[in-house]
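Heads up, the next two complexes both have chain A, just with different partners, chain B and then chain C.
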Partner chain A sequence: MKNINWSKYSKPIILVAFCVILTILRPTTFPTVSNIANVLWSVSVIGIMVCGTIFVFLVGGIDLSIATLCGFSAVVVVEVIHMFGDTTMGVFVGILAAIGVGALAGCVHGLIITTFNIPAFLVTFATQSVFLGLSMVITNNKIVSCTAPAAFTAIGSMKILGFPLPIYFMIVIAVLSWFVLRKTVFGRWIYAVGGNPAASEISGINVKRATILCYVFSGMTTAIGGIVLASMTRQAMAATGSGYTNDVITAGVIGGVSLLGGVGTVPGAIFGAVLMGLLNNGLNLLSVPSTHAGLVKGLVIIIAVGFDAMQHRDQSRKKSGFAFFKKKNA
Partner chain B sequence: MKKIIATALCLMMAGSLMVGCGGEKTTREDAGGGTATAAAAGGESNKVTVDPYSGDQVKIAYVAHDLGTPNNQGWKEGIERECASWDNIKVDSYNAESSAETQVQIMSDVISQKYNAIILQCSDGTALAPSVKQAEEAGIPVITVNLDADTVHSALVMAVDYDAGRMAAEQMAKDIGESGEIAIIQGVPGLKRTDNLEKGFRDTIANYSGIEIVDAQSASFEKETAITVMNSFLQSHPNLKGVFAINDAMAEGAALAAESAGKKGQLSIWGADGEKDALAMIESGDMTGTIYTNSWDEGSTAAKIALLMIGSEYSYNVLEKTPQVIMEPIVVTKDNVASIPEEDRW
Partner chain C sequence: MKEMNQTTLRRLISVGLLAILIALFTAMVGAGSGKFLNAENLMAIVRDASVPGIIGVGVTYVIITSGIDLSTGSMIALVGMVMANVYAYTLLPIPVMILTGILAGLLCGFFNGFIVAKLEIPEFIGTLATMSVFRALAYIIAIKDANGVIMSQPMNVSQYAFLGSTIGGSSKGIPYVCVALVIFVVVGQIVLRYTRFGTNLYAVGANKKAATLSGINVERIRMMAFVITGFCTAVGAVFTTARLQSATTALGTDFEFSPIAAAVVGGVALSGGSGDVVGTLIGALFMATLENGVRKLDMNTAYQYVIKGVIIICVVMFDAVYKKRMDRIAKEKGAKEGLE
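Let's turn to the complex of A and B:
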C-alpha cells in the first residue's frame, strides 16, 4: 500500500466518488448510457477548447478572447455555409474558414505578445472586443439560423453508438494534445518555457516560436468549439459562446492547471470540465432549484479541489519539505 | 387592426393628458419658425415642445437591454421604420449588453445629450427608476417597452405576460389530454415579465388536477443551456408530456434535445415571444406552439407614442400611473402558423 502514489489518482477518485454518490441518490436515472452521454455532450465544447487553451496557460499566458472568438468562428462557419447555398461543400469550406480564422487570431495574439512584450491579459482583452465587434458587424447583431445541410447539423448532434459526435471530437483533440505535450520535444519545450522562460532561452529553445504556436493551437480549438456550438444550436450570433472564457479557465484551474505557467496536464483539464458537467447534471437530476444551485456548486468545487490539493501537497511535502510555492518543472 | 387600436389608445391617452394639464399655459412659436421654445410656464415641467412632423430636429434614443436578441432587434427596426419617412427625426440605439448598471450610465449620457424622447427596455425596474424619473423631470418623455420601470413615466408598451402564460397552459393542457407530467424551463429570476409568465402558467395549470409540474430549472434564456436542461428532464422524467419554456430560444433548445432523444413531435413544447426561428420550428413540427407578439409593431407603436409626446404640451407629472398600450397576443400552433406572413416574422 505504501508504495502506491495516491496523489496521482486523486482526480479519478473524486470523479468515481461523485458518480457513486449520484448513483445512490438517483439509481434509475443517473447511471444510464444516455445520461452519461448527456453529461459528456454538455461539456464537450468546454473540453475541446480547454485542450487548446492549456497550451497557452502552460507558457504562462492567458486568453480572455475565448468566448468572442468562439462566437466569431460560429458566425464565420454559418455565414460561409449560407454563401455556398447551404450545401455540403459549403460546410467543408465553412469549417476550414472558421478554423483558419481561429489559427490566424491565435497567430496575431502570439505575434503581438512576443514581439511587443505586452501581457497576454491586455492583448486578448482588447481582441475579445475586436472579435465581438466583427461578429456584430457581419451579422448586424442578429441571430443567423442554419438548419439546412445535414452535414452541418450532424456535427453537433449526430449520435454514434449512443454518443453524440462532439464527445468524439473532444476525445480526439484531448489525445492529440496529451500526445504533443507528453511525448514530443515540443511538449517539453512548452513546459520549460512556462517554468522558466529565461533559462529556456539560454538552453536554446525558440521561446518566441513556441509561444506563438501555443496561441495558434488555442485559437484553432476555440474555433472548433465555436463550430460545434453553432451546429448544436443550429444558429450563430455575436453572443454565441458568451460565458465560455470563464468556464474554460475554471475547468483548467479545477484540473490543476497553474495560471502562472509550467504546471498542468490535459487529463487534469478534462477532469475539470467533466467535474463541472457532472455537477450541473447532478443538480438537474436532483431538481435543485436554480436559487440554490450556485451555492451547492461552489461548495462542492471547494471540497473537490481541496481534496485534490491536499493529496498533492502531502506528496510534495514528502518529496522536498515545504513546497507550496514551488513550481514543478517537467 | 392592431395599429388602429394602438393609435386609438395613444389618442385617448393624449386627450386625457391634455385635459389634465389644461391649467398650464404654454407658448410656442409658429411651426414655420423651426425653433423650439420652452413650454410649461407653470414652472413644474422643463418640457421642450417641438413638432416632429413639421421639420423641427428631433432625436429619439432607444436604450435596449441586449441588442443581440431578436425582440430587441425587432423593436429597433420598428422604431426606425416608423421614423424613416421624416428626415428630421433621428433614432440612435444604445446597447446595455444585459447590464442594468450599464443601462443607468447610458441613461445619464442620453439625458445630458438632450434627446427629445427615450424608448427604454428597462433591465431592472428598481435600478432604473431614478434614471427614468430624472429624464422625465428634464422634460424628456420615457416610453418603456415590455419591461416596466418602478416609477410613473410617460407610457409602457408591452406584450401580455401573465396572460401569455395562461394561454400556453390552456393549450398545453389540451395537447396532453389534461393529464400527465410537465416541466418548466425558466429564465433568470427577477424580471417582471418572465416571472409573470411563469406565474400565469402555474396558476392556470393548478386548475387541472390531472397535470403535475414535476420539475422547473433555469436555462438562463439560452438555447444551448436549454438543451442540457431538457436532456436531464428527459432522464429524470421519462413520462414527461410537456415543457413550457419562458422564452422561445429555450423552447427551441428543448425541441432540439427532444429530437436528439428520438422524441420529435411527441412532447408538447411551448415557448413565448414568437421569434422567426420558433415559428419555423412550429412549421416543421419540432415545437408545438408559442404566444406570438409582433415586435416590429411594438417598436413602431412605442415610436408613435414618443412622437406624440414630443409634439404635445403635456407634462408627465399629471400622471398618477403609467399609461399602458398592450400588444395583441396570438396563439400560434402548426394549424395557424402559416397565417403569420413572412413580413411579420421578426
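Let's turn to the complex of A and C:
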C-alpha cells in the first residue's frame, strides 16, 4: 500500500476529480449528453493537432504557427470547395489540398530549421505572419461561409453512435501517432534525436530527415484540425483557429511533454487535450467571462507543471532543500 | 582577442543588415518620393523602436541566462490598467501613480522569476502561462461602466501626457521615449559588460552547473533578470499609455515576440550566454524599420504580413550561414595553431 506510485495514476485521478467537481457545481448542465458532445468537440480539435505537434516537441522543436496554419488550411479547403461549385468532389480535392498545404508548410519549416540550424521558435514565429497574410490575401480579409455540400458539413457535425465524427478522427490519429512513436524504429529515432541529437547523428540516425518528417506530420495534423474547425463553424477566415497555438502547446505540456525534447507520450498529450477541453467547457458553464478564463488556464499550467517539476526535483535532489516541498517517503 | 573580433564582426553584420534594409525600402518606396528616407520618418522609426528597445534590455538579460519571457505584452496591459485605476479612483499625484505602475511591473517580474527559478518551471511554459494570467488580470481590474462593459480610461492630464510627446512639444523635437531608450541601453550595456552581475548573467547562460559550482547564486541571478524585465516593461508601459493618453486591455497584444525578435535579430542567441544590449537595440531598430517600410509601400496589410515574415526568415538564415562560416574559420585557425 505504501509503495503505490501515485504519480502514475495522477492523470486519470485529476480528470475524474475535474468531472466530479463540475457535476457537483453544475448538476443540471454538465453531465448531459449534449454537453458531453460539446466537450468532445472541443477536445477533438486540440487532440488532433497535439497528436501531430507532439512529434515536433519530441525533437526539441516548437511550432508557433499552429493557429495561423490552421486558419490557412481552413481557408484553403473552403475556397477549393467553392472553386468546384460546392460539390462532393470539391470536398475531396479541398481536403487533399489543405492537408497538402499543411505538409508543405511543415516541410518548409523542417528544411529551414535543419539546413540552417535556426531555432524553430524563430522560423515558426516568422511563418505565422506569412500564413496569416496568405489567408488574408485569399479571403480578401472577409469571412467565407460554406454550408453547401453535405459531405463537408458532415465532417464536423455528423455523429456516429452518439459521438461526433471529429472524436473518431482524433482517436485514429492518436493511435497512429502512438503506434509510430512506440512500435516503429522511426519512433525510437525521434526520442533519440530529442534526447541527444549529436549522439543520434553518430549512431547513424538521419537526424535531418527525422526532424523534417516530424514537422511534416505536425503540419498535416494542424491542417486536419483546420478542416474540422471550418466544417464545425461552416465558415473560414484568417482568424480561424486563433488561440489554438497556446491551447495545443498547453495541452502537450500539461500532458507531460517536455519542450526541451525527448520526453512525452501520446496518451499524455491526449490527457492534456481532454483537460483543456474540460477546462474550457467548465469555465463556460460556470459563466466565467472568456477574458478571465486566461487567469484560470494560466494558473492550471503553473500548478500542473510546477507539480511535475517538484516530483522530478524530489527524485533528483536527495538533500533537504525546501522542507516544504520535500516528500516524506521519497 | 579572437572572440573580441567575432563580436565586432557580428555587430558590423547587424548594422550592415539594417543598412541594407533601409536601402531596400528607399529603393522600393521610391527614392524620389522621399516618403521613406527623410529625417521625420527616421525619427518615427526610432520612436517606434523605443518601447521594444527599452523592454528589450530586460529581455536580453533573460535570454542571456538562456531563458525567455513571453509575458511582456500582457504585462504592458496590466501595468497600464493598474495606473488607470490609481488615476481614476484616487487623488494621488501623477508621480505616485507612475511609481505604482512600476511597482506592479516589478511584482510581475518577480512572479515570473519565482515560478521559473524557484518552482523550476521551464521559462517558455511559465511565461506562456503568466502571459494569459497578466492579460486576464488586466481585464479583471479594468474600469467598467454600470453595465460591466470595459471602458478605456482616458489619462489626458498634461503632467502625464507630456511623457508621450517630444522635448519642447513640437512635432520635430526628440521624443522623451527616445531619451529613455538611450539611457536604458547605455546603463544596460554598462551593467552587462562591466559589473559582476553582468558577468554572472553570461556565466549562468553558458553553463548553469558550472556557474553553481563556482559559487554563483544561479537562482537569484535568474530571478533578477526577470525582475529587471518587469521594471523595463513597466517603463515601456508608462510611455505607451502616456502616448495614447489612455489605458486599454488590448495594450501590448501581439507584442510578446517583438522584444525577443529584436534581441535575436541583434545577435542574442536563444541558447544563452552571448549577445548584448546594443545588439538588441540594433535589432529593435531593424524590426521598426521593417514595420515602417512595409507600411510605406502602400500595400494591402495582408501582403505586409507576408513580407515581414519572409524578411525575418531571410535575416535569420543569413545569420545562421554567417555563424557557421565563422565557426569553421575559428576551427581551422585552432587546428593550424595546434599544428604549429
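What we mean here is this: the second predicted complex is superposed on the first by the 275 of 330 C-alpha atoms of A that agree within 3 Å, B and C clash if a C-alpha of one lies under 4 Å from a C-alpha of the other, contacts with A are read in each partner's own complex, and residues count from 1 in each chain.
Just so we're on the same page, a residue touches a chain if its C-beta (ideal position, glycine included) is under 8 Å from a C-beta of that chain, and two chains touch if they have at least 3 such contacts.
Computed from a prediction, not measured in an experiment: that's the story for all the values here.
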item	value
Chain B versus chain C as contact partner of A:259, first or second or both or neither	second
More chain A residues in contact - chain B or chain C	C
Touched partner set for A:157, first chain B, second chain C, both or neither	first
Chain B versus chain C as contact partner of A:229, first or second or both or neither	first
Which of chain B and chain C A:137 touches, first, second, both or neither	second
Which of chain B and chain C A:291 touches, first, second, both or neither	both
First (chain B), second (chain C), both or neither touched by A:212	neither
Which superposed partner A:281 touches (first chain B, second chain C, both, neither)	first
Which of chain B and chain C A:67 touches, first, second, both or neither	neither
Contacts of A:97 with chain B and chain C, given as first, second, both or neither	neither
Touching both chain C and chain B, counted on chain A across the two superposed complexes	136, 141, 289, 291, 293
Residues of chain B that touch chain A when the two form their complex	66-68, 70, 73, 95, 186, 189, 215-218, 223-224, 227-229, 231-233, 235-236, 253, 256, 259-261, 275-277, 280
Parts of chain A lying in touch with chain B, wherever the complex brings them together	26, 29-30, 32, 34-35, 38, 41-42, 136, 141-143, 145, 147, 157, 159, 164, 229, 232-235, 237-239, 280-281, 284-285, 287, 289-291, 293
Of all residues in chain C, those that touch chain A in their complex	115, 119-122, 124-126, 128-133, 135-137, 139-140, 249, 257, 261, 264, 270-271, 300-310, 312-313, 316-317, 320-321, 324
Footprint of chain C on chain A - complex, ascending	62, 64, 112, 116-119, 121-123, 125-130, 132-134, 136-137, 141, 246, 249-250, 253, 258-260, 289, 291-299, 301-302, 305-306, 309-310, 312-313
